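Could you have a look at this structure, given as structure tokens, before my questions?
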Amino acid sequence: MGKLRRQSKKAGLAPGTLVFTGAEKTDKVTIHVLDYDEKDFKEIQVENIEDIMPLKETDTVTWVDILGLQDISVIEKLGQIFSIHPLVLEDVVHPIQRPKMEEFGTYIFFVLRMFYFDNENIVEEQISIILGENYVITFQERPGDVFNPVRERIRSGTFRIRKSKSDHLLYALIDAIVDNYFIILEKIGDTTEDIEDDLLANPSQDTLLEIQGLKRKIITLRRAIWPLREVMHGLDRTESDLMKPATKIYVRDVYDHTNQVIDTIENYREILSSMLDIYLSSLSNSMNQVMKTLTIIATIFMPLTFVAGIYGMNFEYMPELKWKFGYLFLWVIIFIISLIMYAYFKRKKWL
Amino acid sequence: MGKLRRQSKKAGLAPGTLVFTGAEKTDKVTIHVLDYDEKDFKEIQVENIEDIMPLKETDTVTWVDILGLQDISVIEKLGQIFSIHPLVLEDVVHPIQRPKMEEFGTYIFFVLRMFYFDNENIVEEQISIILGENYVITFQERPGDVFNPVRERIRSGTFRIRKSKSDHLLYALIDAIVDNYFIILEKIGDTTEDIEDDLLANPSQDTLLEIQGLKRKIITLRRAIWPLREVMHGLDRTESDLMKPATKIYVRDVYDHTNQVIDTIENYREILSSMLDIYLSSLSNSMNQVMKTLTIIATIFMPLTFVAGIYGMNFEYMPELKWKFGYLFLWVIIFIISLIMYAYFKRKKWL
Amino acid sequence: MGKLRRQSKKAGLAPGTLVFTGAEKTDKVTIHVLDYDEKDFKEIQVENIEDIMPLKETDTVTWVDILGLQDISVIEKLGQIFSIHPLVLEDVVHPIQRPKMEEFGTYIFFVLRMFYFDNENIVEEQISIILGENYVITFQERPGDVFNPVRERIRSGTFRIRKSKSDHLLYALIDAIVDNYFIILEKIGDTTEDIEDDLLANPSQDTLLEIQGLKRKIITLRRAIWPLREVMHGLDRTESDLMKPATKIYVRDVYDHTNQVIDTIENYREILSSMLDIYLSSLSNSMNQVMKTLTIIATIFMPLTFVAGIYGMNFEYMPELKWKFGYLFLWVIIFIISLIMYAYFKRKKWL
Amino acid sequence: MGKLRRQSKKAGLAPGTLVFTGAEKTDKVTIHVLDYDEKDFKEIQVENIEDIMPLKETDTVTWVDILGLQDISVIEKLGQIFSIHPLVLEDVVHPIQRPKMEEFGTYIFFVLRMFYFDNENIVEEQISIILGENYVITFQERPGDVFNPVRERIRSGTFRIRKSKSDHLLYALIDAIVDNYFIILEKIGDTTEDIEDDLLANPSQDTLLEIQGLKRKIITLRRAIWPLREVMHGLDRTESDLMKPATKIYVRDVYDHTNQVIDTIENYREILSSMLDIYLSSLSNSMNQVMKTLTIIATIFMPLTFVAGIYGMNFEYMPELKWKFGYLFLWVIIFIISLIMYAYFKRKKWL
Amino acid sequence: MGKLRRQSKKAGLAPGTLVFTGAEKTDKVTIHVLDYDEKDFKEIQVENIEDIMPLKETDTVTWVDILGLQDISVIEKLGQIFSIHPLVLEDVVHPIQRPKMEEFGTYIFFVLRMFYFDNENIVEEQISIILGENYVITFQERPGDVFNPVRERIRSGTFRIRKSKSDHLLYALIDAIVDNYFIILEKIGDTTEDIEDDLLANPSQDTLLEIQGLKRKIITLRRAIWPLREVMHGLDRTESDLMKPATKIYVRDVYDHTNQVIDTIENYREILSSMLDIYLSSLSNSMNQVMKTLTIIATIFMPLTFVAGIYGMNFEYMPELKWKFGYLFLWVIIFIISLIMYAYFKRKKWL
């Protein structure tokens, strides 16, 4: 719902008008640059966006990582330096897009949705990526991401990523995002198992709410990941020179992973809907138990109480009352009635 | 349903026969014209439809906005001036069409469905748009629309729209319509949250009716917006000269927004169907509670009443009645029975 | 089901064997011919099928309308005159086909399903249409159809239809059929609203049966109209010379209407399934009410009856019975118990 | 399930190994041959499979009908005579295939599923058909099929089939199979109507089992018929010389019939699922009735029994007991309580 | 869920990093080689992976079967010997892939999912297959597979497989895997029948859990088999020289079997969902029975107890008590009331 609020905030503005509609305002934009080729490697924290210009000209791969999107002027300058279309910048600072890929001749623009854990909470964040000839620009709303393994691989220098061009960096970033989906799904799998135990041991309205809560998380994930399949497919099929054929094998690998993630999500959806069936039938079953108890009690005691009522009557002429063993006889009757009832319930398998 | 009535009113008429089938008759047709290019800007209220003719010849972009469709003669004259196909005019005055795009060589015809708030009520209205070389004609049934931000951008003169041709104006209008879908959906989102709170606090038949009411609103929206996806896709793919390549990037942006709207609608549909599940299981749960209460009461008091009944009997020979502590002893029995029942219910977790 | 019976009646016959399998035998085949061009117009009731031959040769458009299909010899002669494939004739006299379009070089064969009201009942009838260069042949099982407005337009002579060729007549006929779908749907819409009112005021098993009855009507309509979409699409795409490009704009218009009809049908399906949910939850709700009433009564009177039972016992030593205010005191206890129960139910919102 | 058993019996064998996996072993393989052209007609019961060889060479159409598949050697010899691929023979003697069409240059191989009645039971049997230049071979597991009308048409000699080549015979066989689907569906339709009457008059667990039984029959039919659509479509599109263009019109006719069958099956599925809804709501309704009865009885008699209990108490000081009209007065109270209850239930529409 | 854990273990590693993520560590990697052509046949247990090199060079078909994936160094060396892409090796040692086929010029890589029984438990295991010009490499996580019939056919030397190239071996392996699906499905079919009997005889919460358990097994199978359809389709369409046209007929045969498996799975899904309906309506039915029993008992004994209560009252003036036949009369009343109730329940069909 927060998403819609952001979109509606923007309604009526001219296209390409940059208004940051993200949720949290971080203190400052941080620009972190990794510049490398097979031999050299440089890591700098850029203060002034213009300082990137010299790196742009070189043949090395430059990864510009922008953290924080609220300072529109920085984004605009960056747009001028790399000649990026205003609508792309609008999508970047307006972080509620569906995953997509758009080709613009000299660069390709990607929107992806990243999920990671921050103190047990699942955080969803938009990652915008621009892939150019010698550079990759990533835009994040907040510090904290899933790219540290990629950074480490670049720093250590022994991996294939240092020998490759910007398209391999792009692949590594997308791969890191998709790998994290598995971690999220594993967590959801654990919660599913917990709920399942609950469901059998002690089903309650709370269990139902937990099931529904999980269902929504899965719907959110699904909505974020389904379009990614198309993106990966498009990336595999693109005729842009920016994607080298050698990298496409890797892209297909991520495509396979995306399919696996989607399979797993569909699987959980089916499991959760089974759970709902079990929950509802549990309710019915429990009601059946309650009703059986009531019926057994009533069926035994109503006739007995009636019999007792009979001999509590005050008719002047009631021969049984005078019998010597009348009272004893009554207990015998009561015992027989109880016995018959017991046999009846036993046969009906209610006891 | 109103829609069908309008369609059936028309059954049997020759194609191209203009009969206004809209709901409300406004007093008069109002024709509002904005004529602009990069330097100049003119805004006029046209009395006589023929007065538009000189504007049509110029190179400036002319936006003719027709408010009110009941005066068929105006529509017909307009059709002659711009040589528009009679079937197009029929669709215009018969405002129950599905969103669509139709290419006619020198112009493209669009039908869109606009939603906006009028005093808290959602209003649905058909907007027909004709895109020509130097002009855009919009047809509305009622005053009140979502285009004021576009008008302001034209008037202020500093925006890209003034530098562009009629295709950019078309884009701006469609964009305004789609932006408003987000506002409607935000409102629906709020209502959903309210119902959800209700559902947990105090579920009732009314909650169900609210859920169903919302479901219908969403079905209406869905029906109006799904075909728009195709329209935007067709507009992106069109080979008509009326659409400049530069504008197509903007069209794709609107296409993305449409997809987002549809995603959100599907999302709400799933949430509402979850709500129904919760509501139904709430009913079952509440029934279970009621039944448990009844069973507890019956199970405790039926045996006790039976015991009391026994000692209310009038047998002559009933030794217990003569015992000194008979009455006290009875209370002890009652107490023990109650205790056993309590333990039983405790173990069954009914208490 | 009647349909299947007709089909199975025919099982085992050679293909192209003409056996009339329709439901009702009308007295006689009626052949009604309208022959027109822009200037002239002739309307004749043909006695002998061979009399059509001279009309066939002229350049005028000839609409041969066959009412009644039971006289196989007439159909066969017609087949010879217009050289129509035996399988087409078989489909004509065997009126249970799905809507379809089949191209045969010199003519195109259409099967459509027409719905109209006959004394408040919805009648479904197959219309077979053969479109040739200068003629259109329509086959109907029964008198009574939806084509009177088309006939009037031809007779009056001022409409476009008189200036056009046979393809425009075909369009006009299909348009008339589709227009009538809207009338049927409007009626169904009204019934839906009636049921809805019933559902809230007084839900009963009858309401359910009405819902299911409506559902079946909608399934029937859907089955008859879905394939029409394909037919219209095929007609738009056909490369046959029989369809003039100018008419294709009209065909697309009917295609749009068909889509609208299908949208509306899907809409009703969703509404009816919502109704079922409301009905089922109404049942649960009503059961809840009943159970609450029972539980309240039992919970109040069971303890009270027990207390009364206690003091109906005949123990010799029961001090309370001797107390002066014993009876009064009992009423106080009864009053207090009732009060506690009342408070309990109030808090549980059962009262 | 029997199907799987047959398939698993075969697991691990080399491809093309002929093992008969059918259900019933008939006594002997019967080979029945019809050999005809426009003028001549021969019908022989072949003892020795090699006797077919001379017929194969002639220009006449030869229909070899193999009844019984358990004698693998016959099938193998036939395979050598007509040079048929071992995998085709494997499919033939392993009669659990999905309907399919496979082209092998000089012949086309079809698998179809035939349904017919044998003493009120629906029998499902695989028919394998091989269409060659001058011959058609059919393989059946059991005697008894749906082809007698085709045989009669060939024998009588007046029908088109005698003037046509083997492709027309193929069409006639498939047409006979599809025509029989309608007979099966008609029977299912009758059963549906019976169940429907039952459902309203006297719903029971048996009705539910009947609904489910019908549902399975329909699933079986569906599974057998869905792939046939593809087969017919493929046959229409094939470029093989074995299919003459003139026959393709007939193929399309069967394709239409297949579509009709599928439509009908889908229709029944919807009807059966409606029935389930009615059944379940019937259960709820009946429960509601039971509960209302219970509640009415309890609500009337519990207060009355309480009142009677009060005056059964043995308090020494109970003034009412001494009143002259105490007893009469009590009956008045009882009457009033009953009246109030009656009014209450009347207002609630429970009575 | 285990799958996800394996995937998440790997998150953040460079692509192509070999980490075994399988479940069980077997003691040692076993390499089993079958080398054959039409005339010769060799079967060896290779100690050192380099020993395969000479076999690779020959024209004979070499089947290298690797059992156990935990020794990464062996896999890496194999990768060097056959020049296999690192991502392929990663997929091999990371056995949670979806079935897929990937073409790499000189070899084709397959991932399949094998199911077999190990002491009544269904075991799911990934089989990776690499098809090269003269070799087939298979990778298994554990000893125990479904390929023994294939090995026997190779050893015996009389079968077609010895005369064919590596593509036929590939086909034989896939065929063996698919054949085993039928065995698994047969078992599931048996379990389904058992549950069905249970469902009618004695439905309980356990039956529901069994149904749900079966449903999950079927979901697992489905997830593993659906993508296989695409794989087989791709294999049929491939233009790689590794697949000979003669083998493609066999591939299509497996494709048909895969379709049959999928049909059967869908069938079971429908049957299981029917079972759920039956189970839920059984619960309702049983509740109805319980409620009827309760209502009958209450309806009979409540009025009777009331009557007995009346004559237990202590009013001084109660004429009935003095009547000589009062008590007898009372029993007559009781008998009449019981009779009326019995007739009432009989008419309502509750008895």
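Chains here go by letter, A, B, C, D and E, matching the order in which they are written, and residues are numbered from 1 within each.
Throughout what follows, contacts are C-beta pairs under 8 Å (C-beta built on N, C-alpha and C of every residue); 3 or more make two chains touch, one makes a residue touch a chain.
Note that this is a predicted model, so its numbers are computed, not measured.
Peer 1: On the document's contact criterion, could you list the chains that touch chain A and likewise touch chain D?
Peer 2: Output, common partners of chain A and chain D: E.
Peer 1: Superposing the C-alpha atoms of chain B on chain E takes a rotation of how many degrees, nearest 5?
Peer 2: It is a rotation of 145 degrees, to the nearest 5.
Peer 1: Pick same or different for copies chain C and chain D, depending on whether their interface residues overlap by over half.
Peer 2: Different: when the shared numbers are divided by all numbers used, the fraction is under half.
Peer 1: In whole angstrom, how far does the Cα centroid of chain A sit from the Cα centroid of chain B?
Peer 2: Between these chains, centre-to-centre, one finds 26 Å.
Peer 1: Go ahead and note the Å separation of the Cα centroids belonging to chain C and chain E.
Peer 2: 42
Peer 1: Taking each residue of chain E in turn, which ones touch at least two of the other chains?
Peer 2: In chain E, residues 280, 284, 287, 291, 294, 298, 302, 305, 309, 312-314, 318 touch at least two other chains, as defined above.
Peer 1: Across the complex, what residues on chain C touch chain B?
Peer 2: Those in contact with chain B are residues 148-149, 153, 159-161, 171-172, 175-176, 179-180, 182-183, 185-186, 189-190, 193, 200, 249-250, 252-253, 256-257, 259-260, 263-264, 267, 270-271, 274, 277-278, 280-282, 284-285, 287-288, 291-292, 294-295, 298-299, 302-303, 305-306, 309-310, 312-318, 349-350.
Peer 1: Which part of chain B faces chain C closely enough to touch in the complex?
Peer 2: Answer in residue numbers: 1, 3-5, 7-8, 10-16, 85, 87, 90-91, 96-98, 100, 102, 202, 205, 208-209, 212, 215-216, 219, 223, 227, 276, 279-280, 283-284, 286-287, 290-291, 293-294, 297-298, 301-302, 304-305, 308-309, 311-314, 318, 320-322, 324-327, 330.
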